[in-house]
Structure formats: structure tokens, C-alpha cells
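Next up: some structures, all given as C-alpha cells.
Here chain A shows up in two complexes: once beside chain B, once beside chain C.
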Partner chain A sequence: MQTTESAGFPASRVSRAVRGILGWRSAFLVLLAVPALGPVGVILAQSFDTSGLGEPFRFGVGAWRAVLGAPETLSTFTTSLLLTVRVPAGLAIGFAIAWAVVRLRVPGHQVFEYLCWFAYFLPTVPMVSGWVLLMDRDFGLLNAAVAGLGLPAPFDIRSPGGIVWVHLSLQTVPLLTILMIPALRLLDRTPEDAALVAGARPARVLGRVVLPLVAPAILLAGLASWIKALEAFEVEQLLGERVASFVVSTRIYGMVSSEPPRMAEAMALSMIFLLLLLGLGLLYSRALRWRGQGAANRGEGSGGARPSYGTLLRRSVSVAVGLYLAITILLPFGMLVMGSFMKLFGFFALDQVWTTSNWSRVLGSASFGASLRATLTLGLATALPGALLFGLIAAGMARLRGPQAAAASVLVWLPWAFPGIILGVAILEVSLTFPGMRMLHGTIAPLILGLLIRDLPIGVHVMRNALAETDSTMADAARISGAGWLRTFLRISLPLQMPALTLVFLILFAGAIRDVGTILLVAPPGFQTLSLQTFNYISNSQFEMATVLGTIVALLALAVSVLAHLLGRRLGSVRSAVGTRA
Partner chain B sequence: MSTGSILRIEALGKGFAAPRGRVEVLHGVDLTVAAGEFLSILGPSGAGKSTLLRLVAGLEAPDTGRIVLAGTTVADAARRLNLPPDRRGLGMVFQSGGVWPHMSVRDNVSFPLVARARALGLRHAEIAAKTDEALRLVSMAALAGRRAGELSGGEKQRVALARAVVAAPRIVLLDEPLASLDANLREQMRGLLRDLQDRLGLTFVQVSHDQVDALSMSHRVAVMAAGRIVQIGRPEDIYRRPASAFVATFVGEGSVVELEGRRLLLRPEDIGFAAAAPTAGEPGWIAGQVISAAYLGARRRLVVGCTLGALTVDVSAGAEVAAGQACALRIAPGMGIALK
Partner chain C sequence: MNTDRFGLIGRRALGAASACLLLLGAIPALAWPDSPSDEWQALVEAATAEGGVTVLANANLGDDFIAAFSADTGVPITLSVGEHGEGRARFYRETETGQATFDAFIGGRSSYELADKGLLTAIAPLLILPEVTDGANWRDGAMPWIDPAKTYLPMPIGYVSAFVLINKDVIDPASVRVWDDLLSPDLAGRIAMHDPTVPGGTGAGASVSLFLAEAKGQAYLETLYGTQFGETTADYRQLVDWVARGTYPVALGTRALDIERYRAEGVDNLAVLNMQDVPGYISGGTSIMAIPASAPNKAAAQVFANWFLSRSGQTAFARAARAPSFRTDVTGGDWPEYLNPEPGRVYINQYDQNWAETVEPALRTVLDDVLSK
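On to the complex of A and B.
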């Protein structure tokens, strides 16, 4: 008699041995739990370590006492929460743009959708300098223009309002638009058409029909965006310099980078922050399942349907959306490029304002070549194995049922709640503490690990969506035809998923080349990506050099966004491609 | 058709987790299929027939019971045994075809042979020859080099059929294979399926909710309802001697009436029709009035109200009958199917 075997999993010798002990589903869950729960465990343990540098672990609660007793703890949490006011604002604007793109199909809707993708892939750090050039209190062009009218300067980019604006324009709105476009595309347009035929005006149709139907998707997008908004680091670090320990993430960074490092305190603060975010993460995971159960609202979608709204309305909305996106995305991008040609960043009153020497200095420097190589190496080393790994995890998850499927879903989404800076700290601790991991210290392996853990939710989510939309009988037919799990995966599932895999590759690649928060503390000496170098330039107020590097990274992102957009369209829209920033 | 059984299903049970508790889909199903037989499992949506087929295929694991395939136990819930699909030696045609769009027609069809090449001891030349033969059987040889994604629905089903039979499987499972085809293609495919089954002598197990598919192609039909097989037999037996009111009304058309203290099923063809009210005293005829008349092409279907209730009656398409018209019905002695 044949051996006992469950349908649908590889029968390699290694996995047989593991399954002999646990069963493959349990082994799979354990493997998922390592990246999901590992960082939490490390942070928790280290928060109770009161030993000094190089000393063995010594248990104590001193760090917790210090953090809980410090008045800054409450103020940083409050500021972090207050700055998330951008999420509801972003939801409103993002939904309006998504509605204009999908339901109104306004003239230029494809360009608008592409611009959101472009903004999503743009590196945040150099784009900040574009806004600085426009809205700096002292030399910002917009302020100068207003001052020319004899009025006081209205803008200050280095204020909470400025930070909210930068996030809103470059991250929150593009991300939420990208998230809501697929939800609107999947919505059956019959109820909307029925309301229009019944005599309702567009505003009533939107308020009474469309909004209630897509409410679950909007709430879900808002929750995902809120979690990411709480974790934001780079913009706050660069623009919040006037306020010491401005938000939680910058305070953690301050503790870790102080001399000597206050690691235990950083970990205790991280743990409190993580508990808040994990709560939100679990809520998000539950909301995802709730939305999955409420899929009855979905119809055949309206991708190719003829719009039923009036021409005047569509044209007016097109102008409004076009203006908004031009001001919030193209204007700072243009300023970034312009800044790279300025002799002295922000000084428009010089005799000779423009120069190409910034470019020749950057392109001629030895560090540029090294940084470019480091950027491409990190991007490829993360994206290639990452896309395959996430594809395999998604395929494995498709085979789970009941409580195991729910557990896997929670585990995969948990890293969504890990702020990049905390993840970096946890990985730094692991690579310093655990004997087996010490050999990785000083290599780029911890960077790759951190980036993969950070992008695990989005990568697996895209792959799971793609798998769910593929006819399951394709793989079933291969199994019944005599193909084992591996042959089925390689010959059938993988080729069918190639567009989604390529999209995940691009998302990982773009995420890796623009990342700062996750790799800032883990990067080995001498290993500096273009984004890290840009971050350092801006931190040292060397904006001229930063804008050149920023433009180069932005052009790389532009190429990636073109590819991602084309693939997204081939997939029928990049369905629920949840971003990694907010 | 051989008399030895090739598939034996014993006390098979299966349930699925649902948002509001567990849903039991199959309740202790027993079924035996003879080698070379064409068996259709017929039932309404939700009867559990596709689940039954997926359990046989190994795509699901049973909660209770066992499945014996060609003398080998391939699934046994008590022993937690469930052989994966690739080790059961089956072929299957899905409703959507399950044809791989990124491969050519030839690669689709040769796939089962390539996957089992080592087990079957096949060489390249043999694989090519068997693939050509299978393509010829379904008249797809001319399109062998075309990408499967470029085929029409009917062509895809032909490719799926060739793929299912190419490795001479123990059983070919057909999961609503004709459901996505239009009426003409369905008719063609029915002929092709019967022809293939006859020529190759393979065992076919088909799942369908379409009684014409089931009755016209099968040696035997198993009717399923609510996770149980409620009757199994030759198509004629299922139609003329239904075991219950459910089978009587699900398979074929008819009206259930109370006559002389018995519940009877009257098929439309069992009832005589005259387009005029019966003359007084004419024996065997009862007066009626046409409630509705629907033109169906080859015939006209009437619903006639009479003392027995509303009866469904078929008349020739040329008959000039309109709603509201008085008529006469005749039920010959011995006609009608007694229901329990």
C-alpha cells in the first residue's frame, strides 16, 4: 500500500522528513512564524537587557521604567498620532481620484493612474528637497512669490503641517488611490447605472450607491495606510529636526544612534509602539477576511464599460485631478531636477544661479560608482529571491484551510506593523547576538533579510491575489495528469503567474533601492546605496549633491514604475497592490 | 462494458468549514463503477456531485469512508490515507477545460505522458505517436502547434478531452464538461464523448446537472440530492421508474397528480390532447382549459388546467392552440408513474 500523503504538496525527501514530525502545514506555519514573530521576540528580550555593550545578558526593567517615566514618551506618541490626520484627508482625495479614473473615466484617466504609480515608486528622501525648494520658510520659491506681494510667508515645510503635506502629496494620496482603483474596478457598475437611469444626479449616485458599496475597501485601505503613517521615519527625521525626538520612530533612532547607544530603552519604546501597531495589524488582518467574505458586491467590473456621466462633469473633474497631481507630484519632481542644477541650493539671487558642476562632481566621484553598484546589488539580491519566495509562500497558503489558513494570514500580515527602523534594530540585534548569525554581520544579508520581512505582506498579497484569479483547475489538471507538486509549480503555476511575479520583483526592487529606514542601522561599513547617500547628504544640508543623486534614483524609479504600470494593466489592474508607505 | 468494478466508494463523507459552522456536503455515499462503464452523476447544484468527483480525483481528502481504485485503496479516512492526484492514474476534463493557455495544443496533450514517462517507460517517439493519435481522435491534429489560449471554447474542450485520455487512464472524470458550450457544440461533444468511450473502452464518470447529457450518454445514471445518491440505474429506469418524487420531477418533465387515491407522475407524452371540449359521455376524456402555450420549435408545450390540477402536455408544433382555449385531455389506462 502507498504511503499516507495529503494532496497537493511537494514530496521531496527533506520535506518528507519535516512532515514526518509535524505535517507540512505545521512546518509551513512555523517557517512563516520566524520572520513574523522573530523580530518581536528579539525586541522584547533586548528591552529587558540592562547589560552594557559587549556584556552578557542581564535582566532588568530599568529601560521600561525610564521609557514609561519619560514625559517625551506620551508627547511623541501624541505627535505620531496627530500626524496621521493625513490619512482621512488622503482617503477623501484618493477616493475622488480613483472614482474619476475608474467610474467617470475622465479624459487623461490613464495618465492620472500612471502618475500615482510614479509617485508611489518615487524615492521619498530626495523628493523632500523638492518641497524644501518650494516651501522653505527662508528661501522657498512659493514663499518668495507671496512675499513679493508684500504678504508674510505662508508656508513652512519644517513644521507639522509641512510634514503632513509632504506625506499627503507624495505618499498617502498616491497609495490610497492605487489601493482603491482595483476595488472600484471590481465593483459591478449595474447599481450605479440603475441609479443614474432612475434620475439620480452624480453626487447622489456617489453618496448613496458607490460609497456604501466600496466602504469595506475604503476602510481597509485607510487602516493599512494608518499603520504605515504611524511608522513613518524619513520625512519626520529630515523635516522635524527643530523638535528633538519628534515622533516615536525618530526618538527610537535617536536612542540607537546616541553615544553610547541606549538600546534597551529603544527596544522598550519599540515594544510599546509595536503593541499598538500589532493591534492595528491584527485588526487589518481581520478586516481583510471580512472584506473577503463580503465579496458578493463584486461584479464583472467596469474596466471597459462606457461611462454614463455627462461630458462637462468629466472634463471639469479631469482638470481638477490633473491640476492636483501636477502640483503635488510633478512640481516637486521638477524642483528636485532644478535643484540639482543650482550652484547653491535655494539661492536664486546669486549672479550665477545655475551650474552643471553638481552633476560632474557626483558622476565623477568614486563613491557614486560604488553607490550605484550597491543600489543595484541590493535591489537585485532582494527582488529576485524575494519574488520566488513570496510566490512559493502564496502557493503554500492556497493549500491551507480553516484555522491554519487564518493563522498564516495573520502571520504574513504581522510584518506590516513593523516600522522599518525597528525592524532594522531587531535585525542588528540578531546579527550581533546569535552565534549563527554573527557571520552575517558586516554583509548585506541582514539588509536583504530586513527588506524581505518588511515586504513580505505586500509581496505575498499580490501573489495570492494573482493565484486567486487564476483558474484553479489549471493546477488541478496538471496534478491529475500525473505531475507532482514541483512540476506543477514550475511548468504550470509559475509561467501563469509570471506577470504577477515580475510585478512583485519590481515592487521589491523599487522598495530596496529607495529604502532608508530599514537598512540605515544595518548597512555594513562602506556599503552605501544611493538613497542612503542622499539621506546623509540631506542630513548634512548638502542639498546640491542630494538632488543629483535623488534625480538619478527618481529616474530609476521612473523606469520601474513604467514597467509596473504596464504589467499592472496586463493583470487587469494591479489588484490591491498594497504599498509599503503611507 | 466489463462486469468487474474499477471504482468502489464506501461510506464516503465530506464536510467543509463555513462562516456559520460546518457544512456536510456528502453523507456516507456508496457507489461502484464497472470497468468500461459510462456513469453519470446527475443532481441539482449543491447536491455534492462535484465534491464526490474531486474526492475520487484526490483533490480533496474524505472525512469518512474510503475509495478503492482498480483494487488499490487510494483514500481511507480511518487510516488518514489520501493518495495525491498524480499517483492515481486518472484523467479529468473540467467545466472550464483547465487547458493551459501558455502551452501549445500539442504540449497540453502530451503533458500526462511526459509527466508519467518514467513510470510508463515511454520514450520521445512513443510520446509523440500517442499525442498525435489523441489529437487525431478529437480532430485537433491540424491545430497542434497553436497556443491553447487562442482556441475557441469547443476546441479547448477537445484538447482537454485528448489530454484526459492520452495516457489511457484507469478512469476519465468529467466535471460538467459540456456546461460552457452552446447547444450545437454540446450535441457534437456528446457524440464525440460516446464515440471515444466506445472506441477506447475507458471508464467515464461524468458529473452533470443536465439530464439530457446524463440520459443520452450514460450506461447508468446516479441521481444525487443533498449529499446522497437517491437512485442509480439505467437511464430508462431513472426516467420511467423513478424511486421518489424528487427523482421523478428532477429527471424529465411531468405533473404529479392524485388519481384514484394514488400519487402519479404524468409525463407530457403520456397525456392525449384534443383541441376541443369533449363531447358529453365520451369515455376517458376530461375537460380542460389551456392556461399557457409555449412554442419550443419541435413541439408546443401547454399547461392545461383540469379537475386533476395543472398538467403539462406536449403537442405538435403545428397545432394551433392558444391560452384560454377549451380542450380535452385523455390519460390512457396504465399510464403514469406511481410515486411512493
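On to the complex of A and C.
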């Protein structure tokens, strides 16, 4: 190739730069940047809008002054950070369970793993009702049991401690366990066995051999979980009523739902929150790549078999893990079902405590059928195109190298840092203010868009992992035979990735049917999913109806989790990506 | 909730088909109103052709309200939850950007500024049913509005608020007769209150506090907050639950809906007391109707406005909301007696725009001052 010097730059370099700018890779990056950066741009612009009702945009910093000058800003950030104490606690418990399931392979390990999947897919909002019935300060059954012993009631679910516990039991621990199980499976058993043979006790093997080897995976899981913990909304909104606006996400919701809405202030607060989360998101993205390199250097994949631990230890740990999971997952689920048969939720001092009328009222209402249809419609409309889209994005990313690959990786992970409620507000503003989007306002398109943006990181990550583990011989043969990239993807890669695609479909489907925060503000009139209706029932203090709907959604989740678990077992290491949802 | 909104083309086709059938006489004549005018019939046909009306409203209205409207008018209706924060946010943002996806909103006293800025449709000129416009059908001789122009924001429901809920197994009802009785040392730390700091300042806790600031003064409010309140909560039902269990035997800022739900299930220790010295204030609850200027189905919105303010509409709404209507021909409904304003007594109307703009700001300052201590 001939090169000529021009202003100090080789022509070939200029040519490459131009091709890079105009090529499909750049277009691909731009397409990724729209959903990843679009919401941030909208929130930033709105935070500087000081116009009055119905007036055009007027630039100002009034909202920023108000937010930064309010004492609640610091206190809500502090509370939000304090509540993330559940992450280290969840890491410890989750690691212990994962170790028991994988390395000890305790009796019942498959059931324990499945229970974690079940908890992962359970709808959080109705499950809160189960914990309320157990740990409410005034009528909680656990408190009543303790009070029966002559002791003061120890639990209060409507407190920061109660909120931490609900997250820990229903989300943090199950998801961190799912995340760490694959990392432990990939560990070579040799050093562990060597330590045991050399006479080390199990606790010493755990602390000196296993933990150091999986430390990168644990740290990565902790970072991902910390981001999600900071942006939690529903549990805080439902259980934090006694301390209104006490975390950042609920304060943002309070501003948005004020009369009139304080949108600019909500956006300014969101922007501060987003900057913190985006920083963590970037850190996570970098850590993910670092861990990937580290894993390759360790030569993972050579182990996975059970080291020789004693039977007594395995049985004891099995009982402990079984008890923990039964108390934290099955007990509140049972309470949820029980609550759906109570005449007055949590009120046992009645002549007739139980009734089936809640079920007949819910199932007989005209809105139930519509809500069920809306739920399935949204689940399918999100999961079907989403699985294919994420597959395409993953395939596209596999063809990127160097800085472009790094940029794509960061863009894909950015939505991980979007709290659902902020994403919902951003989607609402986009659909109201962007000319091209206005025609979609009042349809379910903005909902689907919001859910796809929210699940972009996890969906693409699952597909990237699956693609990386697939033998590329057939695809290479197709390309050599003259098939184009798209044709190769559709005819070769796609069929090969069907299990991973199905798993992504289930993740998206389960996410759509249980979501509240993202779609709360953009659901078109008359379109109410079962989860939204449950949220409305609870917000309206109709717990009896909420528990009925919650039980139905939980049963749907149960079916999805069975399918996902079966697929997950077939996919092996793909599960590691799913776990990052924590 | 009973009709899917997103199938716009399908809805319009359904509406057109219904209109054709109506014209052909295939749909039985509706029994309401008694003697419909040609103008009304044409309006209903136009509303049906539009595909129906979408209303953003209280989730408690439910199936009976929908069924009543459909039976009376034959116009399809979609009821969407609009009383909570997200519903209000949508109402504001869609109305101010001129892109409403709904035709009518039924909610609290929140729309003055939208009306002032011309973002709402004038409802008064849309009312064509004689039974709605005839002042004789309304208490005080005219339908109440909360906007000074009496054009945009009708308030058809009005009930007495600021009642005191007690557990009569714990507290003797005769010992709480006037507001000063709440300052009794016996009740120190035993009164629960709805949280007055709920964002937007529109909850019962804030309203009761503003009422007490106006009726009894800042010193009274300071004592109440300083020594008498044990706890506040933003959860209305929890207040009633606390009183029923005796956790806090007295509560302020409770909702009749929750009280009556507990009573209906057999909780018989609740007593509601209206204080005898200052009789509380009038609240319109979530009954204020507004129609955005950008409402997509104008005829359907007009049909709904007329029906909502008619005897039939108010009967259905008052039953669902369990609150008395200002209509004189809607009586004996399923609401508790303590909500009825007593004849001859003067109540503050906190929904009135004049009160909200001239009196409330100073009271808010008092409340903020009390809360900051």
C-alpha cells in the first residue's frame, strides 16, 4: 500500500480513521450510545429547565440550587449509602451458600440452587406483604411469638433495619449466590484437595485457599450488587412510609409526584445520583474486563469436582443452608399466600379471620383479565425482540477490537446504573418532548424501550458469554463459503445460541412482568400489569387484594424460574452472567 | 382498566361500528337521561364514534362505576389509576405539554395553575343536561366549583374532615369533645397523626395541621406536635390499625374508607368524633374533575362530564368514594354519617382556590415553623 505524508500523518492512518468513522462499527457504537446516553442527556437538560407550567424551556440553575441547598439531600444520600450495608452481609451469606452448594455439594444442593433462582424471579412488591405479616411491629407473627415468651417484640419491618432484611432475604443473597456458584464451579480442585490432604481444617481451606482464588469474582459481584442496592425503590417506598422521602429514589419519586411536580429538582437530584452510579458503573465495567483477563490466566475450567469434605460437615451445613433458605424465601412466600385468605390483612383478633372472598373479588373483577393480558403482552413484546436484539448486539460486539470494543463495553454497561424510577421519568420526558417519539406516547412502545434499556447490560452479557463459549468453526465455514455476516448470524450462530436466547427471553419476560419502577410513569391509560396493579393496591392499603395478585404473579415467576433453572443448568457458565443481576 | 387503550385503531373501528348500530337502532335505547335532547343524542353518537372516554381517576372507583357509566351512556370507558403520585405526574406533564392520553381527570385540588394558564378545557359551557345545570339540584343552590371563574374545576363531593378517631375501649368518647381535650396530659404521646411532610403537602396530615393552625393557632399546634403526638405515618391504613389495636388510642388524619373497612369486618371499638367547638373543614377528596385542553376525545369527555355531575353519575361516584355528594337528590348513600356537613354550621373549604392562594401560604409558614422545632 502506498503511503504519502500529509501534515505529519501517514495517509494510511488517515484512511483508516475515515473508514473507522464511516464504517459499520461507528454506526454500531452510535446506536449503542443512544439508549445508553440518551436518558442521561434528557435528565441533564431537564435539570436546567426553570420554566413554569406550559412554558417553553428556560435555562436556569434554580433547581440545582434548591437541591444542593436542601438539608434532605445529604441525609437521603447518607441513608441510601447506609442501607447498602446489606451488600457485604449478602456477600458473606451468599458465598457460604455457594460454597456449600458447589464445593461441599451438600445434600439437597440442587434444591438450594433452585430456591435461589426462584427467589430471583419472585416479584418483590407482593413478597414485602409476606414479611409485613411476619415482622410488623404491631401484628407480626414472629413478634407475637416472641412476645408470647414474655419478651419485647424485636422486629419492625417498617424501619431501615426491616428494609435491609427484606432486600437481603429476597434479593441480595439469592442473586449473589447465583453469581458466585459458577465462579466456584470453575475453580480447579487440586489446591483445595491438597490442603485437605495436608491436614488443613475445612475453615482454613476456605479462608486460605478458596476465598483468595474467587476474590475477584466476589468483589465484582459486590460492586454490581452495590450499584443495584443504591438505586432500589419499591421496598423503600412501601416500607419507608413512616419516614417519607428517606432515600434518594423515594425522594425523587416524591418530587415527581408533588402537586405540581417538581420535575427540574427531581432531575437535578437524579443527575447527582446518576453521576455517582455511573462512576460505579464504569468501575464495574473495568473490573469485569480485568476479571476476564484474570480468569484466563488462572486456567479456569480444569476443576469443578467435589473435594473430599467430611459427611458430618456436609450434613450440618446442609441443614443450616436449608433452614436459612426456608426462613428467608419459603416462609414469606407462605405468608403471602396466607395473607390472601385474610378478611383483614394482619388482623387476627376477629371472629372470622379467613375468607376466600379476596380471591373471588380479584378473579371476578373486569380489571383482572385486562391486567393478565397486559402482563403477558408486555412480557412477550419485550422478551421476544429483546432476546434477538441483544443477540445481535453481542454478535456485533464480538467483532469489535481495541478502543471500540472498550467503548461498546462501557456503553452496554451504563444502563446498569439507571435506577428504574429515573429511567421511567427519562422515558416519559423523551416521549413527551422528542418529535419522533411523540407518536409513540400513550402506547406500550415507551415501556418496552425502558425495559430493554434497563435489561441491556444483563441480556448482552449473557449472549456475549454464550457466544464466547461457542465453537466458531461452523460460522467460519459459512463466511468462507461466501455467506454475509447477517446471513451467518441468522442461519448458523442464532440456532447454535438458542438455549442462551431462550434464557435471555425468560430473564426479560420475568423482569417485565414484575417491574414497577421503570414502567410506573409511562404505562398508557388502561394498560396495567399485574405488578402495577399490585403496587396500586398496596399504595391504596388494599393488602388483601394485593396478596392475591402477588400470589398469582409469584406462581408465574415459579414457572419461569423452573424453565430458567433447567436452561441454566444446561448452559453452565452462562449462569455467571445472570448472577450479575444482583 | 376494562378496555385496552393501546389498540387505538381497533377502538376507533369498534366505536364507529357501535355508532352505526346505534343509528340503525340495533342497540336498545338507553334509559338515561329521562328525556334526552337531540343535542345530547348527537353528542353520545359522536362520543361513541370517537371510541370512548379515558378517565384518570381513583383506583377505588372500580367496576361498578365503569358499569354505571356504560349502562347509562353506552359509551366505552377506560378507567386508569390516577390518584397516586405517578397518575398526578402524568396528568400534569401530559396536560402542560398538550399531549394528553386521557380525556378527563378526577383527583384532588391540584389544577389551579393549569386552569389559570389555559391548559384546561372550560367545563361549564360543556354542561348541557338540565339536571346538571339546574341549581335546585345542588346544595346552596348551585354546583360548587373551586376555581373563582366557576368554569374549570367542579367539586361535586364535599365531606367533613378533621374528625378524631378513637379506640373507645381505651378512651372514653365523652372525654374528647372539643379540640383542647386533645391537649390533656392523659393523651401525651398517645395520639397518632398522618405525616404532614408527605411530598406535595397534600395529605390529610398537612390538611388537618393547616386547619388547626387556622382554627386554634400556632401555640396549639406546637403543643400538639411537641407533647401529644406519639408517631406519624404516611400510611392511612396503619393509622386506623394502630387505633383498632390500641397501639395509639387516638388518631388524626384518618380516612373514612379505612375506618369503614375495619368496621365492616367486625372491628367494633372504633369511634369517630366531630369536635363540638370548631367543626372541621370541608374536603372534596379526589372528586375534582378536570379536562385537559388536549383531551383526544372531546365529545366523549363532554359526555363524561355531564354524566359525572348528573344524579346517576354522582350516585355511582358517591357510592364508590363513600362520601356525600353536593347534589340534593343523591342521599342515603353508603357513606358514614360523620362525613355529612351539619346544617347551619360554617366550614372552611380548603379546596377553594381563594383560600388556597390567600390563606394557605401563611398557614404553611406556621406549619413549617412548628415542624422545624
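In this section, the second predicted complex is superposed on the first by the 543 of 582 C-alpha atoms of A that agree within 3 Å, B and C clash if a C-alpha of one lies under 4 Å from a C-alpha of the other, contacts with A are read in each partner's own complex, and residues count from 1 in each chain.
As a working rule, contacts are C-beta pairs under 8 Å (C-beta built on N, C-alpha and C of every residue); 3 or more make two chains touch, one makes a residue touch a chain.
For clarity, every value in this text was computed on a predicted model and none was experimentally measured.
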Comparing the two partners chain B and chain C, which touches a greater set of residues in chain A: C
Could you tell me if A:401 is touching chain B, chain C, both of them or neither one (first, second, both, neither)? first
Pick one for A:370: touches chain B only (first), chain C only (second), both, or neither. second
Check the residue A:54 against both partner chains and state whether it touches chain B (first), chain C (second), both, or neither. second
Is A:444 touching the first partner chain B, the second partner chain C, both, or neither of them? second
Contacts for A:471 in the overlay, against chain B (first) and chain C (second): which applies, first, second, both or neither? first
Contact-wise, after the overlay, does A:483 reach chain B, chain C, both or neither (first, second, both, neither)? first
With both complexes overlaid on chain A, does A:343 touch chain B (first), chain C (second), both or neither? second
Where on chain A do the contacts with chain B and the contacts with chain C coincide? none
Chain C residues touching chain A in their complex are 1-6, 8, 54, 56, 59-60, 62-63, 66, 78-81, 83-86, 88-90, 92-94, 96-97, 99, 101-102, 108, 110, 113-114, 117-119, 195, 197-200, 202, 231-238, 241-242, 244-245, 247, 258, 261-262, 265-267
Where on chain A does chain B make contact in their complex? 1-2, 4-8, 11, 293, 401-402, 471, 473-474, 476-485, 487, 491-492, 495-496
What residues of chain B sit close enough to touch chain A in their complex? 17, 19, 57-61, 72-74, 79-92, 94-102, 111-112, 115-116, 119, 160, 163, 167, 173
In their shared complex, at which residues does chain A touch chain C? 52-54, 138-139, 241-242, 244-245, 251, 253-261, 263, 343-344, 346-347, 349-352, 365-367, 370-371, 373-374, 428-429, 432-433, 438, 441-444, 520-521, 524-528, 536-537, 539-541, 543
